[in-house]
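After this come two complexes, each holding chain A, first together with chain B and then together with chain C.
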Partner chain A sequence: MILTVAEMSFPTGWIPPYNTLVVAAGVASVGFAAGVVGCFAVLRRRALAGDAAAHATLLGVGLAFLLGGGRRDLPLLLGGALSTAIAALLALVLIGRWTRTRDDAATAIVLGVSFGAGITLLSGISARGIPGSAGLEQFLLGHTAGLTAADAMILGALSLLTVALVALFLKESTLVAFDPLFAAASGWPVTLIDYALVVLVAVMVVVGLPAAGAVLVTALVVIPPVTARQWTDSVGVMLPLAGLFGLVAALSGVAVSSAVPRMPTGPLVVIAASILLTISLLIAPRRGGLARWLRSRRTVAAWAEGRLLEVALRLEAQGPFTREQLLAKAPGVAADSAFKRLVRSAAIEPVVTRAGTDAWRLAVWGRELAAERSRRLAAWTEVLEVAREDARGHLTIDVPSPEAILGAARMKAIRESAAAARSASGPG
Partner chain B sequence: MMEFDSTHLWMHFWAIATAATVSAGCALVGSFLVVRRLSLLGDAISHAVLPGIVLAVLAGGRPGGAGVFLGAVVAALVTVWLTNLLGTHAGLAEDAGAGVAFTTLFAIGVVLVSALASRVDIDPGCVLYGILELVPFDTVPILGLEVPRALLAAATVLVVLVVAAALCWKELVFTAFDPAAARAAGLPVGLVSAGLLVATSLATVASFEAVGAILVVAMLAVPAAAAELLVRRFHRMLLVAVALGVAGSIVGYLAAWHFNTNAAGMIAVVLGIEYLLAALWAPGDGIVARVVSRESLRWRVACEDRLASLWRAEEGDAAALAPRTLLDRLAQARLVFGGRIVPGRAGGLTDIGREEARVIVRSHRLWEAWLGRHVALPLDHLHPPAEWIEHHLGAEVRGRIAADLEGDEGDPHGRDIPPEEFPRRPAEPPAR
Partner chain C sequence: MSTTSAGLEFHDVTVAYGRRPVLWNVDLTVPGACLFGIIGPNGAGKSTLLKAALGLVPLAGGEVRILGAPLEQVRGRVGYVPQRESVDWDFPVTVTDVVLMGTYARLGWLRRPGPRERSLAAECLDRVGLADVADRQIGRLSGGQQQRVFLARALAQQADVYFLDEPMAGVDARSQERIFRVLSDLRAEGRLVVIVHHDLRSVAEWFDAVALIDMRLVATGPVAEVLTPENLRRTYAGRLDVLDEIGRAVAEGGRTP
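Our next item is the complex of A and B:
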C-alpha cells in the first residue's frame, strides 16, 4: 500500500503531524524574510515607520473581514492589512510634506490613531456578534495555532518572493542604504528604491502578522538585523545571518507557544529574538562586550608596561631601583600587574633583571624597548604639535580613550587646564 | 457593551471624567515631548511600563496604587537606559535601539500577564486597549461620593504634573527650545530631561487602566502635534493641546457609546480627526491656507502675464500670445469680466488694463536694466528673473531702481521702460 506523506500515520508520537510541519516551515521562511528585509529598514532608519505600518494593519484586517462578508480567509485579511499598512506609510509621507509636524510626532500620530481605528472597528465587530469575528483578536499578538497548511504555504511563498526581490536588487538597495547622495548623483532613482524598500517592509510586517501580531511584529523586522550587525561588517553576510536569526526566533517562539496553552506567539518570538541579541551583544567577535573588554584590558596593560619601562629607564641612571620606587613614580591603573608581567618576562626574553632581593635593573632588551617607546612618544608629540591633520588621519578608531588609561579624574583636570590655557591665550 | 440607559448616566459621567483627566495629563506631557522631538519616547515608555506594572501587581500592589507607579517608573528608566546602552555599546541608531528595547520589555510583560493570568488581575486585551467602560465599577468613597479609583489616580497625577510644570516652567521651556544654551546657562539639563521621563511614565501609568498601552501614544502625541499646528506660542500650545485632548475624550467616548464600540480606540480616532482638521485648516500654514495662497498667486501671475503680453503686442514687439492653458483662458475671462480687456476676438487692453499692464512691464524692464547694470549676466539670462519678480515689485522699490538707473530710459534689450505715471489722457500706444 502506497501512502502520500500527508496520509502517513506515524507510529511514534514524537514526529509532528504534516500540518504542524508545514506551518513551521511557513513561519520559518517568514522569520527568514523578515530578517533579510529588516536589514535595510534598520540601515535606513525606517524601523519605526515599519512600526506605524504594523499598527495600522489591524484596521485593514477588520475592513477586509467586513468586506469579505465575515469570511476568515487569510489571504483576504492580509490583503486588507497590506493596504492599510501602505496607507499608513503614505500618511507619514504626506504629513512630512504638507505640515510642520516633525517625523517623530508624525510616526506617533499615525501609529496611535490607526491602531485606535483598528481597535474601534474590531471591537465594534465583536460587539455586534458577527459570526467568525472571535478569532480576529489573534492578529493583535499573533497566534499560529489556527494556521492551515495552505495559509502557511502562502505566507512562505510571499516571504520567499520578498527575499528573491531583495536579492535581485541587492546592489541598488545597498547603494541607497549606505550612500543615498552618491546613488542620487549617479542617476539611480533613489526615492523610488527607498519607497520600494519601505513597501517591502510593509509586506513583511503583514506576512509576519499571524506569527507575531500587529503590536510586536516590528521586532521581527528590527531585532534580527541588529543581531546580525554585531557579527559582521559586510552586507553580504549580514543579510543571510539576519535571516537565520529571524528564522530561529520565529521557530522557537512558535514552538514554545504551541506547548503552552493560551500563550500568544508574538511576545515569545520577540523574547527569543532578544535572547539571541543579548548573547550576540556579549560574545560577538570584535563588537561584542566580551571582546571589547578584553581589548581594552590589553591596551591598558600595554600602556602600563610602557610607562613602567620609561620610568625605569630614568631611575636606572642612579643604579638599581626597588619596586616601590618604580610604582611611586609611575602610578595609575594596572601598574602593579604590569610590574608582575615585567618580572615574569624574565624567563623568556628578560626585560628587567634582578640585582638584589628588591633591586631591579633594565635588561638590554628592556632598555631598547624603553628607548624605542620614548622615541615614538617624542615623534607623536611633534606630530600632534606641528601636523595635527596627519595625526587625525592616521589615528584609527581603536585609539584607546585617554580616560581608560589616565583615569577620569586626571583627564578632567587635564581638560580643565587645557581650557584655561585656551582662554588665557584669548580668542584667535 | 454600552447600551443607553439613564440609570447608568453616572457611570458614563465617571468614565468620561476619567478619560478627560487622563487625556489632559497626557496632552500636557506630550506637548513637551513633541517640541523636544521625543514623541517616540512616549511610544517606547507606554509599551515598556507593562512589565513594571505586572511585577508590581504581582508583588501585591493595587492597580493605580503607589507601588504600581513606582514599578512603571522603574521600567521606563530601564527602557531608556537600555536604549542608551544599545546606542553606545552596540552602535545602534536611536530608533532601532528603542525599537529593540521597548518591544522586548512589552513582550516580557505580555508573557507575564498570559502566564500569570490566574494571579494577576490584568487581561492581556486590556493591556492593549484599556477598559474605560469598566472604570466606574471600581470605586473608592471620597466625601460620601463613590469616585472611580482610576479617576482618583489620574487626577492626582494631573495635579502633580501641573504643579511640577508650573514650578519648573522656566527650566522646562529653556531646555526644550535651546538645550545647548540652557546647559551653558548652568541649568541641570540632564535632570530636567530625567524629570520629563518620570512625568511621561506617570502620565502613562495613570492612563494605562483607562486606555491601554498603545492608545496612550495617541493621547500623548496627537493633541500636542495638532496644537503645534494651530498656535505659535508654547504656553498657548499647552492650553490648546489640553483642550483638544479633553474635547477628543468627551466626543470619542460619546461616539463609542453611540456606535457601541471600544471607547479608547474611538478617542484615538477622534483625536486623529482633530489633527487632520488642524492640518487642513490651521491659519497661515494649514494645507487649505497654503493651497489657497499658492493658487491665488498662480492666478494673479496668470492674469498679470496676460496683461503684460497684450501690452507688448500693442507696443508692436510681438503678436499677443493666444491664451493656451486652461488657467490662461480663465485669466482672460476674468480680465474681460473685470474690464481690463475689451471683449471680443481681437481683445485689446482697456484704459484700466493698460495702466496695470504698464506697471508690470515697467517692473520687468526696470529689473532687467538693473541686473544688466549691476550683475554681469549675459543678455539672454536677464529675462527669467525679471519674469518672476515683475509680480512682486512694489512702487517704492520701482522708484528706487529707477533712481539708481539715473533716468536711463531703456532696458538692456533696447526697449523703452514705460513711465510710472502717464499724463491723465494716455498717449496712443506706439504705432506698429
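Our next item is the complex of A and C:
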C-alpha cells in the first residue's frame, strides 16, 4: 500500500486536533448522507446501479488527475469521479433502452468494464511514476487519514446538500419509489425524478469515496438503509435512522483505521456497518429473525396446548385419562412439551389435576379454557363462512377471541347472517 | 344513458411493443357517467388500452380524448387504480400515507399534505371501510384491503374519470361487493368509471356497458347486447368452453341500463 500525502508529512501519524475534528465531522456527515440517500437506492431497487457507478469512479479519478496535470486536488478528482459515475449510469439506461440485454447483465457489464478501465489507467499512471500519483490508490479502498480539513469541509458540505435535497423532495421521491405508474398517471415527471435520485446516489457514492473507496462505498449506501428498515415501517423514520447508522459506521471505521497505520478505512467502515446490520437482522422487533422464530414457536406451542385441552375435554367424559391416551389423540411435534407445560402450570392455577400415578383429569380452570377455545373455534368457523376476508385477515393459530378482534357489533352481524344462511339452506 | 359529451374516446388507437402490435385500430367511444367494463382474455391488451388512455404507453397511432380534451389538459380530473401487483407491499408506508398520495398532484411540488388533505384521506378510507386500519403498514393487510387502499387513494384524487386495472383480482366477495358499491356511487355522482375486468360472471350484475377486446375491438355497447355467445366466441376464440352458458346467463339475468 502506498503512503498517503498526510502520512508522509506527519511521519508519526499524529494529526493536529483541529484537523482531526474537522475530518471526523466531515466523515460523520458523509456517513449520514450516504444512509439517507441510500434509502431511495434500496427502496427503488437501484442498489446495483449504484455499485456500477461506484466502480466507474476510479476511471474518472485517473482522468481528472491527468487532465489536472498531476495535481492531487480532491475537488478536481471527485469531479472526475462524478462524471464517470454518471456516464456509467447513462450507459446502463442506454443499454436497457436500445439493446435486449437484461438489467442484471447490463449492470455487471458496465461495472466490470468501467472498473477494469479505471484500474488499468491508475496502474499506468502509477507505473510511470508521475509525480503526485502516489496515493491515488486510496480511492480503491478508502483512506481518510490523507484528508485535509479543507477536503473534509467540502465532503461535509456536499453531504449536507444532498440530505437537504432529499428532505425537500421527500414527498415526490417517496411517491415515485413506491408507485411510479400511479405517479406518471397523475402527471409527475417520473423519469426526471428517477434520474435525479440516481444522480444523488452517484453524488453520495463519489463523496463517500475517500471514506470507503470505490469497491466498498456501495455498502455504505446500501447497508444502513437495510438496517434501518428492520426497525421501522415508516419512510419518515427510516431515512434519519439510516443516516444515524451510516454515521456510526463511518465514524467508527475511520476511528479504528486512524489507530492502525496504513489501514484502509473502507473495509473497517463496512465491517462496522455490517455489525449493526447483523444485530438488527437478529433482534429487531417484528422483522428480526429472533422475533420471527419466537413467534412461530409460540404459535405452535399455543396450538398444541389448545389441542390437548380440546382432546382432554372429550376423554374426560369417560373418567380420568392417561398421558398416552391424550397424546395418541392429539399427536404433533409440540404435543409432548405442551403436556409438560399443562402439568407444570398446575402449581399456579391448575389446568389438569392428578387422579392417580398416570391418571389425569381437567381442573375447573382447564375445563373453562377448553370450553372457551371450542367456542372461539366455532365462532371463527362462522366468520370464515360468511365473512371470509375478516377471518383471513385476523385469524391466527393461537385462536384469539373474535369479539375482541372484530368487535362485538361486527360479530353479532356475522352470527346473524350465518344463522340466516343456515336457515336458508337448511331443511324446511 | 343520456350524456351530452363523450367521457372517453379512442380514435384508431394502435399500440405496439417493438414490432408486435398489442392493440389494433381500436375505435371506441364511452359515454359519460357509467360503469364501463373492458373485458377480454389474458393478453388481449386490456391493461394496455387503459395505459394508452393514461399516457403510460406510447401510441403507435391514433389519439385518445378524455372529457373531450387531450389528456394533458384534463390530467387533474383523472383518477387511476393500477394493478395491485405493480407495487411492493413491503414498502415502509402506512395506509394513510398511500391514500394521501392521491392528493399530491393537486398539492404540486414541495407542498406537504396538511390537515385538509388528512381529513380527505380519512374520509376516503371511511368510504372503502378501512378507517380502522389507517395507521397500519400496507403489507399487513389482506388482498382485498390492499385493493381498497388503492381505491381510497383514487377517491382522494377527486377525479371525474376513473380508470381501474383489474380491481377485483385476488379480492374476496365482501371486498368486491364493497368496491362495486363505491364505484356505483361514483357513477351516481355523475362520474365515468372504466374498469379492466376479467370475471364475466359479475359483469351483468354491475356494469352498464362493456367493450370486448382481443387485440382489436370485438364489440361494444350495453351489457345485454354485447355479451352474446357469438361475441364471446369471437373474443375468446375458443379459449373457454363455458362461454355459451355464461352468455345465456347474461342474456337472461342481465339488467338493461
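Quick notes on this one:
Criterion: the second predicted complex is superposed on the first by the 334 of 428 C-alpha atoms of A that agree within 3 Å, B and C clash if a C-alpha of one lies under 4 Å from a C-alpha of the other, contacts with A are read in each partner's own complex, and residues count from 1 in each chain.
FYI, a contact is a pair of C-beta atoms (placed from the backbone, for glycine too) under 8 Å apart; a residue touches a chain by one contact, two chains touch by 3 or more.
Since the structure is predicted, the reported quantities are computational estimates derived from the model, not experimental observations.
Contacts of A:324 after superposition on the shared chain: neither chain B nor chain C is touched. Applying the stated contact rule after C-alpha superposition, one finds that A:238 touches chain C and leaves chain B untouched.
Contacts of A:178 after superposition on the shared chain: chain C is touched, whereas chain B is not.
Of the two partner chains placed by superposition, A:385 touches none, neither chain B nor chain C. Of the two partner chains, chain B is the only one touched by A:262; chain C is not. Shared-chain residue A:119: touches chain B; no touch with chain C. When the shared chain is aligned, chain B comes close enough to touch A:48, but chain C does not. Shared-chain residue A:186: touches chain C; no touch with chain B.
Between chain B and chain C, B touches the greater number of residues of chain A.
When the two complexes are superposed on chain A, the residues of chain A that touch both chain B and chain C are 229. The touching residues of chain B, when paired with chain A in their complex, are 1, 34, 37-40, 42-43, 86, 89-93, 95-96, 98-100, 103-104, 106-111, 114-115, 117, 124-125, 128-129, 214-222, 224-225, 228-229, 256, 259-262, 264-269, 271-272, 275, 279, 285, 287, 290.
If you check the complex, the residues on chain C that touch chain A are 54-56, 75-76, 78, 80, 82, 86-88, 91-94, 97-98, 101, 104-105, 107, 109-110, 112-113, 137, 141-142, 144-145, 153, 157, 163, 172-175. Residues of chain A that touch chain C in their complex: 43, 168-169, 171-172, 174-175, 177-179, 181-182, 184-188, 229, 232-235, 238, 387-390, 392-393. Residue ranges of chain A in contact with chain B, taken from their complex: 42, 45, 47-48, 51, 55, 95, 98-102, 104-109, 111-124, 127-128, 137, 140-141, 215-216, 218-219, 222-223, 226, 229-230, 260, 262-264, 266-268, 270-271, 274, 277, 281, 287, 289, 292.
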